[in-house]
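Presented below are the structures under discussion, each in the form of structure tokens.
Below, chain A partners chain B and then partners chain C, in two separate complexes.
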Partner chain A sequence: MGMIYTKPLARLIEEFQKLPGIGPKSAQRLAFHVLKRSGVEIQSFSEALLEAKEKIGTCSVCFNLSCENPCEICTSSARDKTLLCVVSDPRDLYALERTGEYRGLYHVLHGLISPLEGIGPQDLKLSELLHRLSSETEIKEIILALPPSVEGDTTSLYLARVIKPLGIQLSRIAFGLPVGGDIEYADALTLTRAISGRSAV
Partner chain B sequence: MGMIYTKPLARLIEEFQKLPGIGPKSAQRLAFHVLKRSGVEIQSFSEALLEAKEKIGTCSVCFNLSCENPCEICTSSARDKTLLCVVSDPRDLYALERTGEYRGLYHVLHGLISPLEGIGPQDLKLSELLHRLSSETEIKEIILALPPSVEGDTTSLYLARVIKPLGIQLSRIAFGLPVGGDIEYADALTLTRAISGRSAV
Partner chain C sequence: MWLQHGEFRHFRNYPHLELDWAPHKNIFLGENAAGKTNILEAIYFLSHGRSHRTRHDRELIQWHQGVTKIELLGQSHHHGGSLSLEAQLALSPENSLKTVFKLNGNPVKSRSEVVGKIPTVTFFLSDLLIIRGAPEDRRSALDRSLVQYDPVHFKRMNAYNRVRQQKSQLLKNPPYAIDPDVLESLNQQLVATGAALMMARMTYLQQIETFAQPRYHELSQGRENLTLSYQPCFHQSFDVLSLEILQQSLYEAIRNVQSDELRRGQVLVGPHRDDVQFFLDAHDACLYGSQGQQRSIVLAFKLAEIQVLKHRLQDETTILLLDDVMAELDPTRQHQLLLNLDPRMQVFLTTTHLDSGLKWFIDQADSANIFEVSQGHVVREQTDLMSVIHAKSDER
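On to the complex of A and B.
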């Protein structure tokens, strides 16, 4: 069949296809959409890509994504420095920030312990967490916001083992029926968690 | 809540959200994916965007997207210059090219007549088509590959009216049950088209 698309179009479609969840049809749709936009808009998109890669690094204290080091959360005077929330991924941090409820500090592990995938404690920001706990003596309570999965459970157990001897209060976020969720349609694992995590009325 | 994302990340997510079918969650996922890629890969993506916008124009003969003018199809010696296929959008042209079956020329209308949306013949590359038919006297047959919709039908009728007096053979692609389609599950309009477009066995 030879060429179908003119070369720069083929290249653009290919670049879009490298993105997760974007197949050939979506990639073509995105490329055509981009072609219809103004040069200024495309310039802006192009610059945003370069700028993000160039400027965003990780905070050397909490390992959140940031352009500053330490990051805005670690240096904020409005934050409760006695409280530390441990998350696996920066996306989880953003999800918690969106609630507006949590005002403590964070620590991003950048992964979870997974023997199956060969990810051990040394592959995560775990020694950095222990170092923080020994130097930031204000920290009184740690909340584990790790997912309710085998890896999340394993990592939580590991953290419990290393943190408890330090005499710091440790808790894990609650798992159960989501707000608005139907008991009828909830999966068995969620219901099991909901029952075992029941609280007195 | 104030800032959640560091600024360049917020900007990148915003840019992804401008793409069609990309909501806030997908945009965040794409931005995080991009951040994990190497600087070289991001440079390449960024350049592909700029290059596509800069180099791709429309062929002044058939109005397909192209970096050349006239385009590679119009100037190809391997093409049957007696046959012209009229499509609404360059994407339809690519879909036909992918079959590898059609070896004639194309004409891209860049739209369809739609009285409801206020799109008349003057808004499409129709006068350009008529101009081609009077100058490219090799053209003996025209195939209308316009969609089976009110707009596609209206445009086909309009084209039939203006092309038939020129004594050029005119046809429209067949509509009916897609290959592999179940009659049981086909919609009424498709079945109606399939019946009216029946052919002798």
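On to the complex of A and C.
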């Protein structure tokens, strides 16, 4: 490859190729795109990369990504401080934020319990969660927003075991049919879950 | 359902193969190791979402090739609509395998979505292991057959196996002391997914038994009665089926072996250790049955499978895959099998030679194709062989 491309170009292509989902062809396309842009644009792009890496850290309270510590959500006075939502990944937090419906606080675990991947409770932000529950006495209710997978279920059951003795109200988000979906096309396992998680009308 | 057309590219020993099938009987004739079973395997692969011969999809790819394609085109007996199923297996330059399934041209998210779309009942030599094999063979035979009746079973098995693997890893190789709360969380899930799996197997086995009993009665000329029983690894068989009772007993059984499991680092209790028992009157047929009795049981089981599946499909028919089993059955049992088949049912059959029983079978069919298979080549026999068969049957 170094034989064809001039050195800085080869390096640029190689760097792009390290990104997830980028193969050799896409990497070449992106590199040639970079060369076509003006110097100012590329300056701004590279600054954005460096700035993001430098300034973004995790909030020491909820472990969301933020450049403030504690983060904007934890310090906001508009937030309901009696409600705490537990998610596994910051991306799940953003998905919930986009709904605009949830106004409580968050706690990001950064993973799920999975012995197959060597991840146990001590590898997650779990002791930090328990510490929060004992120090932030305003928290009255916890919502678990963990995925409906074996690992999500294990982590939810685990959290139920360690949180229930604290006497805090605990629930898990409902699983079932997608909005706008057809019941007849739903698979039986999803329907079973939807029936067992039914709610009164 | 019947299959009209199949096309394979770089599949096993076939560089490229295109076949048009007869709506009723399709016979693949050839020497051993000619590639007859590979054709049935391709149909099985799209019917079950996996091969019956290997767990590793990459073995289906022809030697030194990188991309395999299997395409089947079928037609419904019920409403006449067509169905196309396709599997594409591709090896990346990094040697990782990507398998994509397509249903009517559209890629599906998970292979569970194609399972049972082409409903098949198989009768392979390995099915004789239902009796002769280990408990593992009986479980997998039951699961394979159940998946065709109730495709959701595929997901049920995956869910249970994932939990079992997680628990097994936790017990086997803890990088830290085992957290009792993690173990308990996994046990609760093992109970939920395990009891659902057991319940499905037990209910299905009861249905099979209902249809297998009269068949066996005929085969043995009323000499003895066949009963089937699902045998959980921790309990005598349950008389009454109830999910609550199953969950409760499974949970208790897990509690009882907890210290053993921790000591041995193994998951000791669950449906991955259950068994199926076959009784002739009061005798365990796996232990005391003669060769002939055992063959009759397998045959009765297979005929029951066809009938149970017919119940689910209503107006649709199943496809029957018979791989070299005729040689294992004596003329009486061959006749029983062939006689009991719905004449509308499409049959794919491999054999090394055409004996009189098979010739009779072909002659009965409304349509039949005979394919001569040798070393990666498949040639459809034209009228010659058929006319020979017809001439012979006229003499009779």
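Everything that follows uses one rule, which is that the second predicted complex is superposed on the first by the 189 of 201 C-alpha atoms of A that agree within 3 Å, B and C clash if a C-alpha of one lies under 4 Å from a C-alpha of the other, contacts with A are read in each partner's own complex, and residues count from 1 in each chain.
Assume a residue touches a chain if its C-beta (ideal position, glycine included) is under 8 Å from a C-beta of that chain, and two chains touch if they have at least 3 such contacts.
Quick caveat: nothing in here was measured; it's all calculated off a predicted structure.
Peer 1: Using the superposition on chain A described above, determine whether A:F32 touches chain B (first), chain C (second), both, or neither.
Peer 2: After superposition on chain A, A:F32 lies in contact with chain B alone.
Peer 1: For A:G21, is the partner it touches chain B (first), chain C (second), both, or none of the two (neither)?
Peer 2: So A:G21 only meets chain B here.
Peer 1: Looking at A:I42, would you say it contacts chain B, chain C, both, or neither? Reply first, second, both or neither.
Peer 2: After superposing on A, A:I42 lies in contact with chain B but is clear of chain C.
Peer 1: Of chain B and chain C, which one touches more residues of chain A?
Peer 2: Larger number of chain A residues touched: B.
Peer 1: For A:A188, decide between first (touching chain B), second (touching chain C), both and neither.
Peer 2: A:A188 sits against chain C, while chain B stays out of touch.
Peer 1: May I ask you to decide whether A:S88 touches chain B, chain C, both, or neither, giving the answer as first, second, both or neither?
Peer 2: After superposition on chain A, A:S88 lies in contact with neither partner.
Peer 1: Report for A:G120: first if it touches chain B alone, second if chain C alone, otherwise both or neither.
Peer 2: In the superposition, A:G120 contacts chain C only.
Peer 1: Take the contacts of chain A with chain B and those with chain C, and give the residues found in both.
Peer 2: none
Peer 1: Spell out the part of chain B that touches chain A in their complex, as residue ranges.
Peer 2: Spelled out, the residues of chain B in touch with chain A are 1, 3-9, 11-12, 14-15, 18-21, 26, 28-35, 37, 39, 41-56, 65-68, 71-72, 90-91, 94, 97-98, 100.
Peer 1: Within the complex, which stretch of chain C touches chain A?
Peer 2: 112, 152, 155-156, 159, 162-163, 165-167, 169-170, 174-176, 179, 181-182, 184-186, 188-189
Peer 1: Given the complex with chain C, which residues does chain A contribute to the contact?
Peer 2: So the residues of chain A touching chain C come out as 113-116, 118, 120-122, 150-151, 153-155, 157-158, 161-162, 187-189.
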